[in-house]
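Order as written gives the chain letters A, B, C, D and E; numbering starts at 1 within each chain.
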Amino acid sequence: MEAVIKTAFPFMVITAGVVIGFQMVLMIVAYTVLAERKVLGWMQGRVGPNRVGPWGVLQPFADFLKFIFKEDITPDKSTKFVYFLAPLVALTCALMPIVVYPFGPEITSVDWSFLPMGLGEGVKALPLTIARVDVGVLFVLGITSVGVYGIMLAGWSSNSKYSLMGGLRSSAQMISYELAMGASVIGVVLLAGTLDLGGIIRAQQQSTFRWFIVPQFIGFIVFLIAAFAETNRTPFDLPEAETELVAGFHTEYSALKFALFFMAEYVNMFTVSMMCTVLFLGGWYVPGLSHVFEVGSIPYALVSHFAFIGKICAFLFLYIWVRGTLPRFRFDQLMNFGWKFLLPVALANVIVTIIVVFFLNR
Amino acid sequence: MEPSLASYLALSGILFTIGAVGVIFKRNALGMFMCIELMLNAVNLTFVAFSRYYGDTTGQLFVFMVMSVAAAEAAVGLGIIIAFFRNKQSIDVDEASILRN
Amino acid sequence: MDFLNANLLTILILLPIIGAVLTLAHQMFWKQESQLKWLTLGFTTLNFVVSLALFSKSAIAGPSGYFFEKNVPWIKAIGTNYHIGVDGLSFWLVILTTFIMPIAVLSTWHAVEKKRTAFYIFLLLLESAMIGVFVSLDLLVFYLFFEASLVPMFFLIGIWGGDNRIYAAVKFFIFTAFGSLLMLVAIIALFFLYADQTGLGGSFDLIAIMNAMKTGTLVIPPQTGTLLFLAFALAFAIKVPLFPFHTWLPDAHTEAPTAGSVILAAVLLKMGTYGLMRFNFGLFPDQSKEWAWLFIALAIVGIIYGALVAMVQPDVKRLVAYSSVAHMGFVILGMFSFTEAGMQGALYTMLSHGVTTGALFLLVGFIYERRHTREITAFGGLSNPMPIYATIFVITTMASIGLPFLNGFVGEFLIMVGMFQSQVLGITASVNWNVVATMFAGTGVIFAAVYLLWMVQRVFFGKVTVEKNKGLADLSWREIGLMIPLLFLMVYMGVFPKPFLARSESAIKAIQERVMHQAGGTVDHAEAKPPVSGDEHK
Amino acid sequence: MVGTALFFLFAGFAIMCAISMVYHKNPLYSAISLVGVFISLSCIYITLAAPFIAAVQILIYAGAIMVLVVFVIMLLNLDDDTGPNRLKYLYTLGGGLGVVLLAQTFFIFYAVMRAPNVPSDQTLSAGKTLTIGQAMYTEYLLPVEIVGVLLLMAIIGSVMLARRLAQPQLEIVVERESEIRHDEQ
Amino acid sequence: MSTLFLTDLLTPEASVSIILPEIVVALAGVIVMLYDSFFPKQRVVSGAIALIGLTVSAVILATMWGGNSPTSGWNGMIAHDNLRLSFSFVFLFVSAMTVLISTVWVDRENVPAGEYHALLLFATFGMMMMSAGNDLVVIFLGLETLSIATYVMAGLRRGDLKSNESAMKYFILGSFASAFLLYGMALIYGATGSTNLTQIADKVANPNFPALLLVGGAMLIVGFGFKIAMAPFHVWTPDVYEGAPTPVTGFMAAGPKAAAFSSFLRIFVLGLPLVAGVQSSVYLHDAWISALAVMAIITILVGNVAAIMQTNVKRMLAYSSIAHAGYALVGFIGAGMAKSTAARDEAIASVAFYMLTYAVTNMGAFAIVTLLAEKNDRRAEFEDYNGIGFKSPVLAFSLSLFMLSLLGLPLTAGFMGKILVFRPALEAANPLVTGLVIVAVIGSAISAYYYLRLIVVMFFRERTSEWRQPKMPLAMTTALVIAILGVLYFGIFADRVIEKFAQSPSGVVVKAEK
């Protein structure tokens, strides 16, 4: 029995981490939706949702209930299996990257020997990350690129013109901007010298500029723009452009399946913001915090963690802000911008970074 | 107990077989192309398995090269398939028969 | 003189090529095709004149007993040398070639209407290839010229031939190419045998290989030897052509233009017999003896078959072509008797056949130019409107039959004598197979008389049956002039064979001795006195 | 134990997906199945201590190549393969090839069966990004350069193939040509 | 400062000088692209740049021949020996000829010249890497560079269904073959634990998994068999050759085939020694010889017999190229059975020389086919050649010369090539191989029929329909003159070339410094 528990313990810890992490993310996402409506409302001189609960704080739950109880319509001539598969793929791929993100610094001050059966033996640190992957950046990029299948499959399987157009646009857009995104990340990777996300944060701590946004400002801008495009947000929301495509790839989706897409989009926003934070804003790292709290202590971890969430929220606010202010691109504009401006800029950035890094390391 | 080298090679061999047979059974060019990709993947698995066995990076580098090549091949191959489709409105290789067999 | 001694053969090979280049240049710059024939005639005649220098008394035999020898490395990587030279055997064939060429050119005076430039270029290239074949002493160089002679002939038949020319040309090419390619393999195999056994590195040099065999440093294993022998023999047998490989010959002859037929009959066929004598006998004496029965049998079948088929031919040219098959059968027979008389006779028949059959084709060509048909039934009683033509034709026919005092007789007689004396076939208590073979061959002579005379009778005698033939013009001076040297040779060779035979004697003897002695044969040939003296004709 | 279980899980999934890819007539199903194969292979790479390759596998195969393929499938709006008007001898050929390759697989399996089992060691440096990166820019610099040329060329090639047609549709011309030829005879 | 930067980057044995010819070719490709993007209308110039690049590369190659440069570089990834030099020379020649030939076609069909020439140069780069590569990775990448460029070039006439079809078939089957090739490489890597051919050669006698070597070798044969169009893997050849644009077909028949042969030789003869005497290995020798000999026999027979039945000249030439692959295989087997290193080098040189002669002849023939093909290659049937012999004697006689050279008639390049490849095979004195040579000879005799057919059609038939002699642009004339002179030169004075081909840079056997 003891042996079984000993074997299972790491898995249990990981499972717990996953549950906690995902729960947190989903909560944040739920309130992002509310925040978006509120903020947009304020920007447009409206109030926004205010009926459900005080200031409308229970609105997400009401929406959720509505989605559950709505009739789930499946188009007659759709390809059923793919039609069901698509939202699952979308949401799964949106959630997957979360496992590699460091939500905060390691907690080293706790002595874990109090755990029964010697489970805490040898455990020195509790990382605030679910899985430490050597190739974190690649993992995130890879999973993100797989996410496009959800949209494409949805577009294809709905057997609807609008959906198909949306799907096609979406995939073209994703492929195009993924390149720029990857290229902009390379600058950071070059500076950090690792693909590990935690490693990148540590590298930022040790660098002269503290945050990579300073040396990699161009990279940051490119990444940000590409991130907007990757998440199909305004001004790159052509795959679901209401005015021309009647919501694009998810035109035919309703009820819970629509909710899954909806959630996937917001989770994507969240993960991309997280990526941006980790790469350019030092992740959970707050300059000067180590002077206030002891590194490795619980307060230090907590403050760092909330700083991380705060940075992410700032990005999420940026998303909403942009949505409230900018119009949508035309498709050819979008393509031209991606290929003829963003990618060259990103590549130039990479080359300059290579040269600079080379001379710095000499 | 860990899976042995032989089991990885067997998996790779089976995947390769499926791919190769698929290339012959498939009727449309895209299907064939996908089968070829499967074959390449099977080979990659062989490389990685041996790389692990020898504790050697060579095999993985080879795999990396193969992947780059596969990407290039995909770009060109899909271009060719689209060009064919434009003229023929089909990518069924059975209908590719202007050139006598 | 040294220069000439060293380079005469090269000059002979190169002169026609220069002529061809000039012809091309002439065509490109003056564009007057009518003058080309003069140019070509000039070059072929010049070549003939130069070739007469071969008679020069001052010629010194080279290190390997060949005259006018030249041996320079050509492609070192495969160990082949540009090695050329003549002996008594090839000497006459070279002369025959250079002699026939101007006549062939003259015969085309009015016959070739279209694309003359190309025609003359091919003729000249053909000449140089043919000379190359007879003088090369390196196996690879020999092969090279052997094949190279194919192409011009292929074009000559294919472009300027009769109605069925494409079929004939392709058949001609593929038959000969097939045989010679196998010979190529054999040549390369010999190269390695030489390299393996002597340890000197490979060589294609005929003389070197023969010397190595003589000294025993190179011993060809019997089975390999047989294979190689057969490969060589097949190539030459097709070229000769020996029954049953003869089927390309009637087609090629019939369809070729007159000049082509003349060259084909006079020279190209001799390449086969020459090759057999030079290479098969020289390189594989044992195998030659061992397989002589086959060749003799095929030769006899060829003689009789050729004669019988010739008898029923409705076409004069085809008839002459089949008579060639029969004559070449005689040559093979003589060669494989391995007696000096037989082999001398074979060489002599080669020469006389060149002259006689060449003349016959010319004559057929004359009438074809006039009537555009060669059907025997289309003629009859031609001696009335064309007496000179008829006379010449009859004389030539007689020479072909082998009437005494004409050239055909000497060769055939020597062959018969040689075969009669020969011991190459088995002699059992009851039957001397050599004598039997001689007797069968003798029937061939009779058949020849039958079909040729019958043809002459149908064409020239009796009443003129076809209206058109009544007004036929007799031979022009050009045509007569063209025939005169041939007629002269027919008579001269029939009456004075001695100078011819004397020249070739030593070479033939060498070959014969090589076959008989290398093989360790028991026959002592000192006794088999060749009746070469020629006194009997005086 | 866990490793074996994972291996068989992923291997089984990969083989199932591969078979489904070949089996399905609809190219899109095939594509989805193939993505399944890629992902399970990626997981197997992780168990083989090759995280970099695993990530790149997802990134390139699943994320780039197959997205392109699916894109093309959607663009061309392909239908199912219909009807068995296939050259019959190909079935025999394919079956034969399959049998030969399977036999070969068994042969390989048999040959390698006695190879010593390398213990699971996730700290092995061979698969680490750093090791691969270092090798790539020292020992394997030349192949990387060649890959650069290769990719450049592929870009040129695919752009050229996909660029809008400057020439007129020639098929009709060809047909007219053959008619003329027919008339001449 | 900048040089410092370079040297620092290139510290790990990155000897630029040893791959300078390759670099020049690739650079020329890039320059062509750049030039074309600024001056897209100047087709001639992009061709000229390509030619200059190829020439410069050839000159550098020639200087490397004599000097005592290192025999390997880039950590043993590049081998610098006679195999590499001679084959690279062949590739450069083929590409230069292709550039010359295609000028007519580029103008006629409005081909994007910059891209076309760039692709051609990159393909050449790939081929050169294939012959220079002493590591499976480099060989594979070179092969793929070549293949991908060729796929595109085959489909260059995008509006033409024939061309599309050709490209598609080539792409599918080519990638299929690559997969087999790659599997073979993987298994060889598994068996020996290395991808470096020198190390593999050291390990072959005592491999970790001997059985895998066998399987891997078989897979490699399948893969290379596809690339060199060896029966029974030749099925793609006729269709692809017929559909591809004519100059590209010429290129494909001469270049990639030679490239595949170079790698095939390097892997099998130097890496997994077929060689009995030099580095003996019990696992590979006899089995491969027999298998290859049998396949060569089938190749020769299939190629020649099928060629007889064709009515399209390009298709006929496609089958003839299959047959020629068979003849080259004879030399390959000879190299595999060579009894000494010197003999092996000579045999390798003979294969290279064979490919050179084939390239010269073939490019000449395709030059004329291109010239006569008119737009969309619609005039490539035998009947289109009816009776043009005396309407355009220069073209017709040149074509006849090339046909005779393909046939292997003496005094032409084809003859020398055949002699040279048959020689090492006969030297082996193995009955099967001797039989193979005899089959090859019989094959040549069969081939007389279809090669002559073209001559027959041109000269012996009458033309019924109207025919205009095509204009001869300067480039085409140059190409023809080079081809004719080449055919005669290699046929008569082949000595120097063969010696060069057999000569390694410094006579030292390649060793990896790994």
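Following the convention adopted for this analysis, contacts are C-beta pairs under 8 Å (C-beta built on N, C-alpha and C of every residue); 3 or more make two chains touch, one makes a residue touch a chain.
Model, not experiment: these values are computed from the prediction.
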| item | value |
| --- | --- |
| For chain C, the least number of touch steps when starting out from chain B | 2 |
| Chain whose Cα mean lies nearest the overall Cα mean | E |
| Most heavily contacting chain pair (counted by C-beta pairs in contact) | B-D |
| Chain D and chain E: spacing of chain centres that average the CA atoms, whole Å | 27 |
| Centroid spacing, where centroids are CA-atom means, of chain C and chain D in whole angstrom | 67 |
| Interchain centroid distance [CA atoms averaged], chain A/chain B, Å | 32 |
| Residues of chain E whose C-beta touches two or more other chains | 137, 141, 144, 148, 151-152, 155, 158-162, 187, 190 |
| Residues within chain D bordering two or more other chains | 52, 56, 64, 68, 73, 75, 104, 108, 112, 115, 140, 143, 147, 150, 153-154, 157-158, 161, 165, 169, 171 |
| Numbers and ranges of chain A residues touching at least 2 other chains | none |
| Footprint of chain E on chain B - complex, ascending | 9, 16, 19-20, 23, 29, 32-33, 36, 39-40, 42-43, 46-47, 49-50, 53-54, 56, 58-59, 61-62, 65-66, 69, 72-73, 76-77, 79-81, 83-84, 86-88, 91, 93, 96-101 |
| Footprint of chain D on chain E - complex, ascending | 10, 12, 14, 19, 26, 29-30, 33, 74-75, 77-78, 109-110, 112, 115, 118-119, 122, 125-126, 129, 135, 137-138, 141-142, 144-145, 148-149, 151-152, 155-162, 187, 190, 209-212, 215, 218, 375-376, 378, 381, 383, 464-465 |
| List of chain E residues in touch with chain B within their complex | 136-137, 140-141, 144, 148, 151-152, 155, 158-162, 164-169, 171-172, 175-176, 179-180, 182-183, 185-187, 189-190, 193-195, 238-239, 242-243, 315 |
| Residue ranges of chain D in contact with chain B within the complex | 1, 3-4, 7-8, 11, 14-15, 18-19, 21-22, 27, 30-31, 34, 37-38, 41, 44-45, 47-50, 52-53, 56-57, 60-61, 64-66, 68-69, 72-73, 75-76, 78, 81, 85-87, 90-91, 93-95, 97-98, 101-102, 104-105, 108-109, 112-113, 115, 117-120, 124, 126-127, 131-132, 135-136, 140, 143, 147, 150-151, 153-155, 157-158, 161-162, 165, 169, 171 |
| Contact footprint of chain D on chain B as seen in their complex | 1-11, 13-22, 24-28, 30-31, 33-35, 37-38, 41, 44-45, 48-49, 51-53, 55-58, 60-61, 63-65, 67-76, 78-83, 85-87, 91-92, 94 |
